[in-house]
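Below are two complexes that have chain A in common, paired first with chain B and then with chain C.
The block that comes next holds the complex of A and B.
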């Protein structure tokens, strides 16, 4: 009987509306599952094949082994390439984060003549295809008889990372509540103290995010590096060259470790943020 | 006030180191590239030696000789941008509006695959979709794919690879602009008797336009200059302009042609981007 009353009290929803409601509730979820599966297929493949007892070329599944994980430097050149990529990444990240954060503060905090052209100068490197950035920088190095190698690569990476740092930090600065700084000033903090004890800690997550972004852009860069590194082998270069004759499973070990490491850093960052928010 | 500097100078002092760097290693190289693009080989000189002769015909030759690769680059880039938008929009929408407390985790998961080297992932696709992978034999058994047809070494594979690799550049700006939408605007639309589809079309999409514009640009620009996907997943018949520039530089040591091609590519992208921004009508990019 109760169902009968219920039926009568709810006006019958037209099929179309019911369908669109179902669409809103479930189709998106199904879509999300497909989307994430698509995103993770090659990651899962790379991870799975890091356990392949493959010998030199890691093309066909030959059996499970932990040897690649026990001995990630087993394949020649893998670890020196990884070392180069990490060194370049850390140096490029440091310089790009410092330079980019300064620019972000200038643009985000001050009104000055030439502000919009400054924005343009930051946007241009992002709007230029990597191959043009790489090729033009190499031409410059060749004119000045500078041989491509380690430092030219670091310079190239700083150059293309700066803009991404500026954009990330600027977004964080824009989202700050100006009243917090006013409050510090009201409490007799001078400008420098306010900056050090209020502004900087508030912008810090943005700077950390920008640094992480810069490092991952630098670490993963192939095109610009290929132009400016000469005979120096970085990890992406190693993978590209090795692809022709089969990549050793150790490269999969390193790729998978980077994935888990980055995931751990990002999740740790989220947890720290949540703790602070409480 | 402890700061003795006149206040006006502060922003310029902050800008100076970074802009000096960008000027030296971004603007100057581009100017130098422009100079290189009109040089011609020194008669009797070695390979790789060029002199300035203001040969603007370099551009004409560079373009005419590589029309096919130019066209292919722009078609591939357009297609992969459209596919990436089609995949990323619902994904970003679902994360922004339908994921509740899992929002941050899902956002991290969208970006996470991109910490595995993109070359490793591209090569993984090549092996998954290749002759020895499981996809091609399965499709052949189901007669969805002819016995001779392959997936890798085709345009389809190159476009698919580019779509996959540039997906986060599409998803993140889309998410950022969708997340900023005040849910009350969507509720208001429903209160005014708009159905879900109308609300989506008339409220959500227009409000997310800045993200759509930023995402499509961040996907299209690198895609148009890309050559890695074409060389790993493609064949000599799917060469893009990036492949031509790369081989002009390294294999043929023909710097002027490489420079002219780079400039033509950049000009074409800038023109398209300007037209697109005008049409899409948003200035809120950076």
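The block that comes next holds the complex of A and C.
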């Protein structure tokens, strides 16, 4: 215990000033806590209600159970809808990533006639309301006598995912020093080897990010899918239809799983990056 | 001619090379031979075409007109990976996703060489960085990255090593050290080095032969001493060191010497050192070749009387004077502080003298400001 010596020469800071200083220092932290609370309350709610012993309607808390997690396919059609969404998502992601990456290289690396207009046009699907895209795609398919269903949905998803892939990959290409590719060619790597050993590994994080984005956009899409999938039930469609009579708790289980899976992927990516940087 | 270019060896010959970008000629009808085994420097200010020339030799650009031969093999349109030529890039261009070991091994692996490990280890110890093999390029300092870039190129034992402003990103002290090291390594490995730089001191320190480039053309080529002592153009006289250029007229012959009239005062100079095409010429004298004497003392050689000390700067190893001459020109004089003569004071009347054989003569229609307006810190992209 030390004795406090009151020294008149050291001015004491008044309480009001101390308080305002504390706020000044911690304002950002407080704001952050509010921000994250706002963002994560729905997620927490979804997660919590995945443990609800709900029966038919999952609106009121009726008691804790692990049954929903033990038996995620318990509700009728929930897992076949999920399977459809995953299939469509994977196919759409694959095509959109390949095509979008090629477009990104073309626009990012080469000078050609119509380059700046392609650059602009690629943004259009992102800016067009989905309801319009979905409706016009449906009429387009019908004109060509293609019935709505699985493949038309995949085509529609590829279409709206491409723009996002192009934008993401292009940003990565823009940050790539062209001298690295020149150095590879100078060191006896032909065009193909240069692409495989230098260009692709350096652009890969951008491509991976683009693929994740494309998958989540596709998985999540309701409006365009609803127009073009016909009788096929995807997960968002299932939830939408179920909402009328009460969403089964299994939907919360799947939603929460998706969230934790995405979180795990992001964390793994960060860890890999940190390891690479070391 | 049918031989594989990758095995080509010998002198590098550029024949009447032109590279145009629209109306702009980056390189203009350039002919140049770089002998095998030499340390050759292409020296010039930013935008003079030296980097473009280097990129054409590397195969990263194709000449608009002209041909490039390595020994007897025409490599003008050969792809960069089919040439036995490697480059040390200006900002090193090390592959950020590969370790130092894999960076150096890159060229060996592409060519399917067997003893990769052994060769990489050898070159790493040549550049004195064997302990960094498992690091990534971003974990290295600038000087270390520079050496790895060099190691990555020389491990391939190319017929020709190109260095594009290799020391531009290093600080002055490190640059000096690397100049000496590069020269040592060149002798050690016995490869032909072609070095592009805007830094005249760097070129003079390292190269056996320098080609001074300006506006896409070669102004003059020769050993550092030749270029410094007997520049043929005002650009070379000003770009390599400093020069005093005094307007004059050829006034007659005296054996092997020319008699020159400089504003009414007669001097002489060797005929062989005059590059004038008619009777008008600029007499050039390097500032350190001048001697200053007080008016009235006896002096040898060429003399110019009527000078007045305008400014004195004591530098330590030398004292730099600005001397105003009767015809209105200010001359630069560097005096070694080795003769015990107390420095001259501002305003003193002096005579300037020098050995006639130090004089060089330039054409009378030259722009005497050529090559002076260059910022030495500029980096040519």
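One rule holds for everything that comes next: the second predicted complex is superposed on the first by the 253 of 278 C-alpha atoms of A that agree within 3 Å, B and C clash if a C-alpha of one lies under 4 Å from a C-alpha of the other, contacts with A are read in each partner's own complex, and residues count from 1 in each chain.
Note that contacts are C-beta pairs under 8 Å (C-beta built on N, C-alpha and C of every residue); 3 or more make two chains touch, one makes a residue touch a chain.
Treat the numbers as computed from the prediction; the structure is a model and nothing was measured.
Clash-free side-by-side placement of chain B and chain C is the outcome of superposition onto chain A. When the two structures are aligned on the shared chain, A:187 is found in touch with chain C, with no touch to chain B. Between chain B and chain C, B touches the greater number of residues of chain A.
Of the two partner chains placed by the overlay, only chain C lies in contact with A:201; chain B stays clear of it.
In the superposed model, chain B and chain C sit 100 degrees apart as seen from the Cα centre of chain A, a figure rounded to the nearest 10. In the overlay built on the shared chain, the residue A:121 is in contact with chain B alone; chain C does not reach it. Between chain B and chain C the least C-alpha distance in the superposed model amounts to 5 Å. Residues 190 of chain A lie in contact with chain B in one complex and with chain C in the other.
Remark: chain C residues 58-60, 79-81, 85-87, 89-91, 93-97, 106-107, 110-111, 136, 138, 152-153, 156 touch chain A in the complex.
Of all the residues in chain B, the ones that touch chain A in their complex are 1-3, 8, 10-12, 14-15, 17-19, 21-22, 25-26, 28-30, 32-33, 36, 87, 90-91, 93-95, 98-99, 104-106, 108-125, 127-128, 132, 164, 167, 195-197, 217-218, 221-222, 224-228, 232, 242, 245-246, 249, 255, 258-259, 262-263, 265-266, 269-270, 273, 285-286.
Chain contact summary for the complex, chain A toward chain B: residues 16-17, 20-21, 23-24, 28-29, 31-32, 35-36, 38-43, 45-46, 49, 59-60, 99-100, 102-103, 105-107, 109-110, 112, 115, 118-119, 121-133, 135-140, 143, 155-156, 158-159, 162, 166-167, 170, 190-192, 216, 219-220, 222-223, 226-227, 235-236, 239-240, 243, 247, 251-252, 255-256, 258-259, 261-263, 266-267, 270. Chain A contributes residues 177, 179-180, 182-190, 193, 197-198, 201-202, 276-277 to its touches with chain C in the complex.
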